[in-house]
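When the chains are written out, they are named A, B and C in that same order, and each has its own residue count from 1.
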Amino acid sequence: MTSALEQLRVWLEERFGHGLGDAIRKKQVPRHRHSLWYYLGGMTLFLFLIQVVTGILLLLYYRPSPGEAFESVQFIMTKVQFGWLIRGLHAWAANLLILVAMLHMFSAFFLKAYRKPRELTWITGCLLFFIFLGFGFSGYLLPWNELAFFATKVGTEMMAAVPFIGEWLLTVFRGGEEVTGATLTRFFGFHVAVFPALTTLVLGIHLFLVQQLGMSVPPSVERAHRQSGQPLRAHPFFPGFLLRDLIGWYIALGILAALAALDPWELGVKADPFVPTPAGIKPEWYFLFLFQTLKVIPARLLWIEGEQLAVMLFGVVALLWVLVPFLDRNPEGRSGRVFTAVGAVAVAYIIGMTVWAW
Amino acid sequence: MRTRCRLVLFFLTVGACGLGAQSPPSSPPTNTCLDCHLIFEDDEHLGVPAQLFAGDIHAARGLTCAACHGGDPREEDSDKSMDPAKGFIGVPKRADIPRLCAHCHSDAVFMRSYNPRLRTDQLAQYGTSVHGQRLRRGDTRVAVCSDCHGIHDIRPASATLSRVHPLRLPQTCAGCHSDREHMKGYEIPTDQWDEYRASVHYRTLAGGDLAAPTCATCHGNHGAAPPGVASVERVCGTCHVFQEQLFDQSPHKQPWDMMELASCLTCHGNHGIQPTGDFLVGTGEEAFCINCHLEGDGGWETAEKIHAALVGLDSALADAAGLLDQAERAGMDVGEARLVQANARESLIKARVDVHAFNAARVEETVESGLELAAEAHQAGEAALDELAFRRKGLGLSLLAIAFVVFSLWLLIRHIERGKEEIIYKHEQ
Amino acid sequence: MASAGTEKGASPPGRRQLLGFLLGSSVFASLASIFYPILKFVLPPPSGELDSDTVVAARLDELAPSAAKIFRFGNRPGLLIRLPEGGYRAFSATCTHLDCTVQFRQREQDVWCACHNGIYDLRGRNVSGPPPRPLEEYDVHERGEEIVVARREQA
């Protein structure tokens, strides 16, 4: 048995070279009191793979037209064997994915993992997060139920507030002036083609960089070890770290299965563009803080419209967030502390607004 | 007096027929009346009628003021155009109005040239109505044509602005019938409009079903009169056909006729009729049956049986529906069961019609078929929930497998790392 | 702890075998519980087509002129009528009064609801009795040997 595996390894190395095997064998993951955060990246990757698999499975039955979208999801959930499970996994994992990606991003932020030379890792990570939000937003509409329909209507309306190109953007995303079947077709295209392609590219770069640069050791840990003179311990990536990852993934799978089976994702009622917007339309939880900000911002501030201001603000904040590695000139000094404080305020703001809007 | 009336009518006839003989004109006729009367602008008697006439069906069909008022609308000189010698009568007397309108509207040959679909028996009908009979006896406070159809802005009944359009008719009737002052001396109630407004019939009408009954549906329009005890059943039966047929064969028919009880009304009421419910039949506090039947008599027993059967099916249906809802919320397909459930509901609806035969066996038979269907739907719901339980079992097994994997991986890690020297972190770029 | 500091091969072979068995069987079980649903999922369900806006209501030779059948359209019944002069019409078979199922009456050439004697004409218009609205009409197409009924697009 072992020799057969060994033969396979040799066979492969003769063709691929030793690079990959060596890299895996030599790869180490540092061990310290913040090591736990290292697992979030792998967890995000695992949840993304679940999305890929369940998403492809759903594609076998889903039909992206307003006349059939709702019915086909209903068909999947009621007629197809284990359809309820696959759709439930896809819906639940989508939410967990955003949550874990968020935690991964904030942990990287607070542990200053974006410092030189990992600026590009941070930027690609941020881009991945935005793409995931795009996945969530476009996927939400696909079952073509009332809640999703109106949430999309409200959500895309925000695009109109983008300066200069707002109207154009709105028309491009909606495939017309209103949210219609054309919007569904477009969102489907984004969800299963555009975003996956982008993710493949950006994720590839992200993973390559992680592999190339190794794990970042938080400055506080580095400092402590420098001062005490004790060397930093490590896990070999293979098998120690990977096995631990595997444990995490299995647990995540268990949680997902339990959520999908015990709290099935509801389908709601089919969207009807001709009924008035029902009260209490809310976007997915991860957009709630944006939604709430839009609500509290005054309708007009000086010469600029509130909605326009908010959208520009979101844009600027997102851009600054992506550019953090270049703005934080001295992550281990004063500027680093300022950024930590700003990040804490941002987290407090997001949590506060989300709870308020709930 | 009577001779003079006839004389006026004679002139009217001559004048109107002079116009009536024309075929519908292609261009608007000369109507010099309006030239002067529009100058009076908002004067209630001289100006407003001229303004309103623009929206009148008669104006649209090319008739002029002279059709009703006489005179010659082609004369520019007001002395000549309003010359009594040319048939000008000024304001028609109330008592003359039905005959004035009927002069054209009862002339089948004449009406054919305007609207061949319009009936021409309104005057004859009116003569049979309470309004017409009283008018003949000299009571001019009763409704004449213009009270319901309007005076200068008469529109076809199908027009939404018409006073006799189904949606507006009840208010038109109520204009007089809810006016206590006006109705003084007639000794009939004045709360019909208030009652009707709360009724299921009105709610259906207001909900947009123009076929729902208004005052005229039961009382007639031109021949308006209370239906009378004998014909209540026929009136209701024009829409509620099965109930009428069943009631005719029921054991209630004969005794109620003898007691002069107004069939349907006895239980359901008239103007303020409310949606029915299973509580109406039976021996409960709200049931009508207990008004006549006493505990121990056959009717009491029948009422109890009918009530029990209806309520039994209703609750069986509610159970099944609840179960199916529960299964559906959990993502189970209960489409087939929903069809069965709909059929069971159909049985309940039929059973509720069957009540009007007042025969327990008949209701029970219909209910029985409904119960079978409800049980079928119930079983389907239970099967769906069983499937749900199966999913939980499957989940339990997979979680168990996962737990074992996690546990053995943990053992494996311990096993691999036991005794291994600690590695010092060293990253090569 | 006796084996501390030695190679892993030094741990008792029995325990190592047990671990291998435990790991192998549990991974196998977990993989089975992952792939079983997936393999079931990819197999189309026996009921075939999804409940969409179209349904095969009858075969071409199924209905004689002046005959009708009730077919299932999603969770609701539909009524397919073959007109005496040929041609088909399809309606929702749910009475607009109280949701009973209507039927075609050959002798009367109308559509009738047995619950309250509601009557519709062969264009689905409510002509008599309590129904407040016409029956919803569907489009009928002949596709090869099949009569296909489709829900009409709104607006």
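Following the convention adopted for this analysis, a contact is a pair of C-beta atoms (placed from the backbone, for glycine too) under 8 Å apart; a residue touches a chain by one contact, two chains touch by 3 or more.
What you see is a predicted model, and the numbers here were worked out from it, not measured in a lab.
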item: Contact graph of the chains (line, ring, star, complete, other); value: complete
item: Comparison of A-B and A-C by number of C-beta pairs in contact, larger one; value: A-B
item: Subunit A-subunit C separation of Cα centroids, rounded to whole Å; value: 35
item: Mean-CA-position distance for subunit B and subunit A (Å); value: 57
item: Sites on subunit B at which at least two other chains make contact; value: 335, 394, 398, 402, 405, 409, 412, 416
item: Overlap residues in subunit A, where contacts from two or more other chains coincide; value: 79, 85, 250, 253
item: Subunit C: positions in contact with at least two other chains; value: 30, 34, 51, 74
item: Subunit B-touching residues of subunit C, taken from the complex the two chains share; value: 3-8, 10-11, 16, 19, 22-23, 25-27, 29-30, 32-34, 51, 72, 74-77, 94, 98-101, 114-117, 126, 129-130, 132-133
item: Subunit C residues within the subunit A interface of the complex; value: 30, 34, 37-38, 40-45, 47, 50-53, 74, 151, 153-155
item: Complex contacts: residues of subunit B adjacent to subunit A; value: 329-333, 335, 391-392, 394-395, 398-399, 402-403, 405-406, 409-410, 412-413, 416-417, 422-429
item: Contacting residues of subunit A [partner subunit B, same complex]; value: 26, 28, 30-31, 77-79, 84-85, 88, 212-215, 217, 231-236, 239-240, 243-244, 246-247, 250-251, 253-254, 257-258, 261-262, 264, 266-267
item: Residue ranges of subunit B in contact with subunit C within the complex; value: 204, 207-209, 211-212, 239-242, 335, 338-339, 342-343, 345-346, 349-350, 353, 394, 397-398, 400-402, 404-405, 407-409, 411-412, 415-416, 418-419
